[in-house]
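Each of the next two complexes has chain A plus one other chain: chain B in the first, chain C in the second.
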Partner chain A sequence: MSRLTSLEKPPKARAGACAPHQYRILGRRVLITDEHGRWALLTRKEYDRFLAGLKPSDPLWPVLQARGFLAGAFDFDGAARRQFERSLLSWKGPGAHVLLLEGMELDAARRIVDFVFACPGPQLTLELVFDDAAPRWPVIWFIAQYARRRGEWSRRPVFLIARARTMTSGRADFLRSHGVTRCAALELAGKPDMGKGPPFRAQRARARLGAGAADPRAWARWFEKWGFESVRLLPSGLDEKGAAEFTAFYAEFLDHLIEDGERLNLRDEWALGMLGGRLWNLPGMDVLEQLAYDGAGRVFTSEEAAGNEEFSLGAVSRLHYPDVALSPVARAALAAAHPDNQPLCSQCAYRPFCALPPSLNRKISGNVWGQTPSSPACALQMGILDRILERLDDEKCINLLNKWHVDMT
Partner chain B sequence: MRVVKGAVAFKLDRPLYGAEALAAGALALGTRAQVFVDETKTAFSVEIRPASALPAAALLALAGEFLNEALNHEYRQRVVQANAPLTQAVFAPLFAKGFPAVPADPLEELEPQVKADRARDLEELLERARGML
Partner chain C sequence: MKSKKKPVKPAPKLSASEALLTLDVKRDGLEAVFGAAYLMMDKAYVSLSGDRAGKIGVLLRAKDPRSVKPKALAEEFLSDLESQKVRWAVAKTNLPIREYIAEQAVLLANGALPAPAPEAAAEELTAEQRAEIEKLISEVESEIKSMNDKKVAADPKGIKASWEERQEQGNKAGL
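Then we have the complex of A and B:
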């Protein structure tokens, strides 16, 4: 079983004509990508011509030459530069730090903020996660103030996000006035009631598809009406059914964003994360993209891994950031995350944009490597990329991605 | 594949599967079953005994899960070996240099008063936060 696609009658390929690439059949077209995230959408006939060797007089020649797909006109310097920029050699450190505030005391909060600021990287994001702001307010208030101060002292941009199920409008206003992005943890059930807003005013949403979530276009309009700027949709469950339902919902949701892209100010966080084309931009990627901290001050490789001792890097009171590199857990997570170490990923056209977090693999398949051919998480991410990349020859889609500052040129 | 006395048994050819692949398969089953392995020069004999009694279909599914992971492991090892020159070039320098922490703030190093002011600032914040408890 494989999720990769293959041509029934592979065309004849001329040795030395094409630069290394992967392909994926998307409807009537063939998507080709190289390992640096460059891409082209071709018709079947164009792909045949490409494999057979394009003549410089062919109208396709300058297009594919500019994108680095012609072996005879390959820009080695450019490829080396892109490879370096996108490989882990350019990774500076985890940029996102998820603080799970349940049971967190002030002293642990202080130590965690100090630990976060020991991490290198041009900017840091601290995401505070809690159900209700009221019982956690002293810790939320302290982290918001202290992290801001640490950001000023270290002269690094700090982004603060408060993700909650509920909070009063007074507290939401306080967070807004202190530059904290509010993120509402929602469950989408049925069709939206346009007259009923979210529990609090938020810019971002982490929206899980609940029972019978329907009418994705109406939900997109609902998010827009209530002032959301970006949404990350989540499946109802991590199984084949959940992945299939999610992909269908996501496809229609994205269609709406693309069709109404000029007017809408709503962004899709999946597209933003994946099309960045860097392993450390992928949401939830253990160690590379994020670290997580629980209320007791333990450090985990990601939010997904939080609470699982197998993924614990140690207590924040004793752990030093450089020790993370020595941790067998972190090393295993890094090795397992790399698509070149995964049988299916290493052959996949989406390799430059996609990988599964090892902690998610552990949850689904029982080990950090996972089984991508049978993994619903793989089905889900490939489904997302299918929906986005099949629209890349649509000017509206490219305009929307440009508006979101995603460079797919 | 045979279902005998509440267990499922089968043989695997040695050149295709190694002992590590079988260990990976057993790991995937976790505490749900015990896996017994015997070996000859040409094959492994595997018997999977579930922790609790299962119908034949569930036993076969368990064996399928074991085989999926064994095959996945075996193939992954080949991919890892084949891509090693590329991945080693990335991982070796990453692990060799470690994850360097941000150096101490030179301002605090040069001006002890800055460090003291910041410590006082922190104490005030903590005090105000404690007042909210």
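Then we have the complex of A and C:
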């Protein structure tokens, strides 16, 4: 069976019966989604009836009519509104700006912050990335103060995140008192030692699965114990084995969050990013979700692309935001990112929630378009969505998503 | 009265390393054949040959012949082909709906959205704001100076000093 999954002996689809949708086999059920993120979980028999054309007397008719899956009773205005809200027609600009502080001087930091504030968008997030806070402290201190002030002047909400491997508790406290979210870059190895905390007190974690990372439930308890509010798990490597190991670990980790959802305050950043149903919410999506800046003040389409001249948009000292849209690099990235332009993605039930960043495709396949059927990144993201969406008829799962303010109704 | 013929499943020609399927484009649809071929890319090399309007030959060769046999490849291709037919049938019959929705969404965007107001660029800061930035930078510079001073203080015995620096200090001290 291909990655899209296929139906055994599928019936003929009757013209005019079902509205635009994609399907995916999840265990013994068939998940159908439309391109705006509405969904239904059906049995195989129900799906066959749906393809053949439902009669209004069928108990499934009102369910699928309400969710916009019946061509004969289609809400065109509602669909157009959802299309407008979720397509690039509503995109305001990259919301996340990743500042790679290695080798960054004050002057470059100031220019970068100025450039960020020249970008449109209702709110801005500046994520400062460094290994150790000590050698970068003046620049961190400056950006924390300056970006806050620029935010007040531009009357836009500004979110600051400091992602590091290590920092002293004094510096972590300073950042906390200045409203900067601390994110710990961690590597999970083996089972957690519950008595040993993270290198510094942080609200978020970017946790890469290291050698022999085991017992996902215990790791979830460890994150909870040490006060983390959200976690983004990352695979040990982007190959078939890494994707498979990650998916298995993630499944158990998510199971724990769902089962203990009422009590836990830990959120999964994959689910938050993907189920938002907008291309510009997907973590690491070139240009649409983020731009990245290196120490020399060069602008790249994403953190993944940083350092690769092919993805350079120019230097902040000379680049103006409107030029980004005219850049062939940005245009190529946008074209390659859009699921409509990818043969597999355009037929995938996860199309409303998923896409691969072109810079990641470049890394894996050697070009921005990638080769989705053999891409381990595609397998990984599909694995994540399989784990979440196969539980959409589980009340606990829906309650947890509601708690995270993810609307899947 | 015409009798309904049950569609015949194409039989693959198998060799030790390859499977060859001959498909009728009119019956199977060109898009469905292309779609099924594309989906095989994770496990097989696929070569297409023949006439786009008539018969197409699909040659499948496993990327890892030890794990997948040609017969299994051919069966998987045919299974995906059937599903591709369903996907393309749904897509084609709904094309007018999707086009209409896209048109309406563009109209909504054009009519309902005011032009975005330009954000304040760095050059457009007021004199007061510029003065505040200068003040902030001077504060950072004094922070850097105090950090550097602390570094000096943290090395009272001059262990971190280079040989030239120690020689210079020795000369100053008249040693």
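Everything below uses one rule, namely that the second predicted complex is superposed on the first by the 406 of 409 C-alpha atoms of A that agree within 3 Å, B and C clash if a C-alpha of one lies under 4 Å from a C-alpha of the other, contacts with A are read in each partner's own complex, and residues count from 1 in each chain.
The rule we apply is simple: contacts are C-beta pairs under 8 Å (C-beta built on N, C-alpha and C of every residue); 3 or more make two chains touch, one makes a residue touch a chain.
These numbers come from a predicted model, not from an experiment.
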| item | value |
| --- | --- |
| Side-by-side fit of chain B and chain C on chain A, or clash | clash |
| First, second, both or neither for A:20, with chain B first and chain C second | second |
| Touching partner for A:91 - first (chain B), second (chain C), both, neither | first |
| Chain B versus chain C as contact partner of A:324, first or second or both or neither | first |
| Chain B versus chain C as contact partner of A:146, first or second or both or neither | both |
| Most chain A residues touched (candidates chain B, chain C) | C |
| First, second, both or neither for A:374, with chain B first and chain C second | both |
| Chain B versus chain C as contact partner of A:117, first or second or both or neither | both |
| Touched partner set for A:340, first chain B, second chain C, both or neither | first |
| Which of chain B and chain C A:365 touches, first, second, both or neither | first |
| Segment of chain C that clashes with chain B, given the candidates 63-71, 81-89, 99-107 or 117-125 | 117-125 |
| Set of chain A residues, in rising order, touched by both chain B and chain C | 87, 89, 106, 110, 117-120, 137-138, 141-142, 145-146, 149, 153-154, 343, 371, 373-374 |
| Residue numbers on chain B that touch chain A, as the complex places them | 24, 27-28, 30, 68-69, 72-73, 75-76, 79-80, 83, 86-87, 90-91, 93-95, 98-102, 105, 107, 118, 121-122, 125-126, 128-130, 132-133 |
| Residue ranges of chain A in contact with chain B within the complex | 87-89, 91, 93, 106, 110, 117-120, 137-139, 141-142, 145-146, 149, 153-154, 320-322, 324-326, 331, 334-335, 338, 340-343, 346, 365-367, 369, 371, 373-374 |
| Residue ranges of chain C touching chain A (in the complex, touch as defined) | 35-36, 38-42, 76, 79-80, 82-83, 85-87, 89-91, 93-94, 97-98, 100-102, 104-106, 108-109, 116, 119-122, 125, 129, 132-133, 136-137, 139-141, 143-144, 147 |
| Chain C-facing residues of chain A, complex | 1-13, 15-16, 18-23, 51, 71, 74, 76-77, 79-81, 83-84, 87, 89-90, 92, 106, 110-111, 114-115, 117-120, 137-138, 141-142, 145-146, 149, 153-154, 343-344, 347, 371, 373-374 |
